[in-house]
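Some notes on the structure that comes next.
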Amino acid sequence: MSNIVLEAENLCKFWGGLKALDEFSIKFYDKQIHSIVGPNGAGKSTLLNLLSGAYQATHGVIIYNGKPITSAKSYEFCRSGIGRSFQKTNIFHTQTCLENCCIAAQQQIGGSFKFFQNRNQNKFIIKAALSALEKVGLTERAKTKASQISYGEQRQLEIAMVLATNPKVILLDEPMAGMGHEESQTIVKLLMTLKSQYCIVLVEHDMEAVFELSDLMTVMVDGQHLITDSVDNIRSNPLVQDAYLGNDDEVF
Amino acid sequence: MDTYFFLVQLLNGVQYGLLLFLIASGLTLIFGVMGILNLAHGSMYMIGAYLAYYFTALTDSFAIAVIISSLIALVIGLLIERFLISHLYKRDHLDQVLLTVGLIFIFNAVQSFVWGNDPLGVEVPSALSGSIQLTELLEYSDYRLFISLICICVAVAMYYIINRTKLGMLIRAGESDRAMVENLGVDISKLFTIVFAIGVVLAALAGIISAPIVSLVPGMGEHVLISCFVVVVIGGLGSIKGAFVAALLVGIVDTFASVLIPEISSMSIYLLMSLILLIKPQGLFKS
Amino acid sequence: MSIFTNKSEKLFIFFFFAIGLVIPLFLADNVFYINKISSMIIIAIFVMSLDYLVGRSGLITLGHAMFYGIGGYIFTIIAPEYETVNFWIYTFYVMSISAFVALIVGFIVLRTSGIYMIMITLALSQMCFYYFADSVDYGGFDGLFIYIKPETSIFGFNFLDLNNESHFYYLCLLSLFNCFVFFKVLMKSSFGRVIDALKENPERATALGYNIFHFRLIAYVIASSLAAYAGYLFALQYGFVNPSMMSWEVSATALVMALLGGLGSIYGAILGAFAYEGLHYVLEHVTQYWMFFMGCLIILMVLTLKNGLSGLLSNLVGDKENE
Amino acid sequence: MNNKNKSCLTTIPVFIATFLIAFSTSVLAENKPEPIKVGVMLPFSGVYAGLGDSIRNGLKLALQEKGYKASGRLIQLVEVDTEAKPARASELTLGLVDNDKSDFVIGPVHSGVAMGMINTIRNKDSIMIIPNAGANAATGAFCQPNVFRTSFSSWQTAYPMGKEAANMGYKKIVTLSWNYGFGKESLAAFEESFVAAGGEVVKKILVPFPKTEFQPYLTQIASIKPDAVFVFFAGGGAVKFVKDYDTMGLKGKIPLLGSGFLTEGTTAAQGKAAEGLLTTLHYADTIDSSKNKKFRADYKAKFNKSADLFAVQGYDAGQLIIQAVEAVKGNIEDKAALIYQMELLEIDSPRGKFRFSKAHNPIQSIYLRKVVNGLNTVVKESVTNLEDPARGCKL
């Protein structure tokens, strides 16, 4: 088994009295897709927000490459290699697709404090951005404004932006939300190819895609860890059937 | 300062605070529901005071003047919302602010044109011209107590309307989720018209009832406006309860700072605001 | 690589500075108009710095006049009273001291955002206003005077005499031009890319690893020290400073000018400042009730123009949408 | 697109029209060298606008008596609104001096504006006449050959009250004013003479300008229980203070004394709260001279309101110009000769006759006045021909 990249131990997030995440522990391995499923309100997004540094944990530890990063600032997560996409499309609508990826790439490549150099003079940034666009198949959309591409393409751009930050870990928050079957398949294919290079954490409601893609699956209920296992074992686990899968027809 | 004078100063502070609340409540209401920072709020305070002067002189009755002036303010509020602000809902908030700056200019010019530039005063209505002896030297006029009473009444009425009536429910909903109100089938533009008019009337009412105890001078609205900002921000934008607490706080702090630390009293309320915003960046009662 | 965003901007800048360069030749015997235009240019610099802050960086402030005033006061306070000093050296002093002040102020105000930032900047500038208005040493409400204007020699070459109105005018025009070019270059730079990003979507910019606080702070310091530079020029023009320079009305008026010009367009600041000041000048000479017409015109412009005067110009020239 | 075009069409003509008006007025104003140009720089909007109106009225009355003519030359007024904003002082002054080529500039009301104006006009040829602003420095440390004042220095208006207060037997006094130049100078002048006469200022309270919440201060005064209170306030602040003093019950228990501005042009708004107040100033409504009676009657007839001190000061500025022009027989281009003649003039003012000191401030009598039925009546002449010490003036 490959090595552990990202790890959470006894992670808690309380909103006042509400326990969004309670004593949650999990390990993510390199070059795998690890899906997290569970009913609405199970705390999946909270977990992702904690892992990406958007929220501060109430207590518990996040370990990245063997070092605790729990108390790091939210922007430091991305810098150290934890990239994320958002559930609701979160891109720079007024900029071109290429520029969107340039913004993402520039943080890693540098130059943000160059006040007098034209932003397009740094070839490394453009190159990194173009390669990210190419990976998701948006090359011909490079010069198009982000607000003018289709919804599916925007979701792809969202992932391209994460890739442009040159991450080790990619946290994807429902990348297929609101997509038709065909569009979803594009993403599935994309994730398949990415799997060989990154540690991918996937939160997704599209169970078909999840079962197709995942190496490992974690089921969450009410902010708590229910089970983590391979796809096949999860499918046949009666506990999961009872607690979650069997009772909720909507999901399937 | 002995206890007795401490209590008198406290009374001064509370009384000033209550008046501030009356002026600021309209501002925070409009902002909370419509998201508009109405810079012309101070101008409506001024217009209210001048209208009270005009109609008191005309009818010889302060009570009638209060009623007529409030009605005129209501009409002004409705006209401004219908013919100007309603065209800007889809635009940037800063455009709306710019519009209200234009209104300030117009109101100032109208005031100067109609009433001239000499300081004016309104006599305290005779029924309330008595006073209560506080110390061997100090008295407290009935009219000031009457103003405080009005302010408390307005505060209670607003609390009741917002928490107990259908209009209040819509106002609260409009604050939190505009789309939801529209989905409920409520005509949001009508709600906005009503709220804006109420806000304007509150500002004018503050000007009307304080007319007998202030001097009516050009530009009186702008001075008030800044104090209102401070109150509204400390209380948390859009929160009536916050405005009430903040107004009392500002009134008391300002009063005691004037006497105890005169060197920095001009900055005291701004210091207070900065401190509170540093501790609670959203103000005291942000919902 | 062109620094211009669109055709209308190019046209406007070209005509503005072309006319600006030759206009003193036609006004040679009328010092007043040269002075008036100089002061409009100074205001345009001030508004431009505000426009960068509000329109480009998304940081709305109602306390920008604080730096305008500080710029003037710093010079008046640190320069020896009866000694000729060098303009460029003191430009450096004024701008670095005000940058330092802006760093501290920015550190406080940038913790808040939106309307709360508007209010806390307002509070700080009011405190600053009262500090100078109540001070005994700095002349209180009556302000301070500058008796001797600086000389402008560089390496012994003295080509501008600040006591000469036309020379001062050209200094202002040059400053405005530099300011404009500086902001345009800044906008097109890699730094500008981040500023664009965090104005549009600060949450996303953070998720991409940017410490938005740092970038905002830098933008705030840059804009504030340029505002201070404008205040410094203002103090030099008429030789005095007054606390009313930092009153909140000055901040609000500048914001109105930036809005009139079209937020975020930078060159709109010039349009806005000239339109507002021009109208003000004209109307106050026509009627005592100039405020009424001023108010009506402002409202008319808000209702009819979507992106201010620069937007209007853009439509006239026929720029492509959103370019 | 249609909408946008329409908006362009409506806005552009507005701009063009306004700029055309601007240029046509400026062109018209430049063509006639003949008349004497008098620039009037007063606040016509904002807090001080009422004072600006009165001064302008007085000025017009003086000029009208002579048919807007002196030594056969027509007198033309050019008015601008200062908005009482010191930041605009220099620009507006230059406008009047350089653009409108004014021979005289009358203004302003506000001391901060005055300092800006003096700083601008000191190197120019025009003669500045201050019809109000009382900053001591204007005819003190900053005095200039071409700056005259027809009003007063703040020192003059408050200094006599110190002696009067001591004479009335008061030992301990609290002083109070807005925290700005005029107020602080008035308190200092009062203290100077009051302490010299053996009194003691037990507390000096400075209220932030332009705050009008006076209750905390009045409560503080009540806790100190001084023999009397001396205040400086003007305009709207004076109205509010006098009313508050009355409603808080202090009136009649602790005597209120003031620099005359406390009851100048404000008694109508103050109502009965002002009755009986004692103040000192260089003018009173009931000065018993034919000049004053005629002035007040004419003013009332022309402007339909009662004359006040500010009108007098404006009126005297007008008289000064006419007499000066006549003294040099219309030849005002020789400024040195004009200034020399102005220094020799005696102005027959409604307040009584006065001459100018070396520093160009009036040497004038100060009256102790009492408010009776809304009028500032003369109690007595407190000091005859008081001259400002003009500290720091090198003229």
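For clarity, chains are labelled A, B, C and D in written order, and residue numbers in each chain start from 1.
In the analysis below, a contact is a pair of C-beta atoms (placed from the backbone, for glycine too) under 8 Å apart; a residue touches a chain by one contact, two chains touch by 3 or more.
The shown structure was predicted, so the numbers you read here are calculated from the model rather than taken from an experiment.
**Student:** When you take the mean of every protein CA atom shown, which chain's own CA mean is nearest to it?
**Tutor:** C
**Student:** What is the chain whose Cα centroid lies farthest from the Cα centroid of chain C?
**Tutor:** Greatest centre separation from chain C goes to chain A.
**Student:** Report the inter-centroid distance (CA atoms only) between chain B and chain C in whole Å.
**Tutor:** 33
**Student:** What is the distance, in whole Å, between the centres of chain C and chain D, each centre taken as the mean of its C-alpha atoms?
**Tutor:** Roughly 35 Å, centre to centre.
**Student:** What whole-Å value do you get for the distance between chain A and chain C if each is reduced to the mean of its CA atoms?
**Tutor:** Computed value for the inter-centroid distance: 43 Å.
**Student:** Measure off the straight-line distance from the CA centroid of chain A to the CA centroid of chain D, and report it in whole Å.
**Tutor:** Inter-chain centre distance comes to 73 Å.
**Student:** Mind pulling the chain B residues that touch 2 or more other chains?
**Tutor:** Where chain B meets two or more other chains at a single residue, that happens at 108-109, 112, 266.
**Student:** Find every residue in chain C that makes contact with two or more other chains and list them.
**Tutor:** In chain C, 130, 133-134, 288, 290-291, 297, 306 touch at least two other chains.
**Student:** Applying that definition of touch, give me each pair of chains that meets it.
**Tutor:** Those chain pairs satisfying the definition are A-C, B-C, B-D, C-D.
**Student:** Tell me, which parts of chain C touch chain D in their complex?
**Tutor:** 30-33, 35-36, 39, 130, 133-134, 140-143, 145, 234, 237-240, 242, 244-245, 250, 275, 278-279, 281-286, 288, 290-291, 297, 300-301, 304-306, 312, 315-316
**Student:** Which chain D residues qualify as touching chain C in the complex?
**Tutor:** 4-8, 10-11, 14-15, 18-19, 21-22, 25, 44-45, 79-81, 85-87, 89-91, 94-95, 97-99, 111-112, 115-116, 119-120, 135, 137, 179-181, 184, 208-209
**Student:** Spell out the residues on chain B that touch chain C in their complex, using ranges where they run on.
**Tutor:** Listed in rising order, the residues of chain B that touch chain C are 37, 39, 84, 87-88, 91-92, 94-95, 97-99, 101-110, 112-113, 222, 226, 229-230, 233, 237, 263, 266-267, 270-271, 273-274, 277-278, 281-283.
**Student:** If you look only at chain C, which of its residues touch chain B in the complex?
**Tutor:** So the residues of chain C in touch with chain B come to 54, 60, 108, 111-112, 115-116, 119-120, 122-124, 126-127, 130-131, 133-134, 248-249, 252, 255-256, 259-260, 263, 288-292, 294-299, 302-303, 306.
**Student:** Quick check on the complex: what are the chain D residues that touch chain B?
**Tutor:** 44-47, 49-50, 52-53, 179, 205-208, 210-213, 215-220, 222-223, 225, 235-240, 243-244, 247-250, 253-254, 265-266, 268-271
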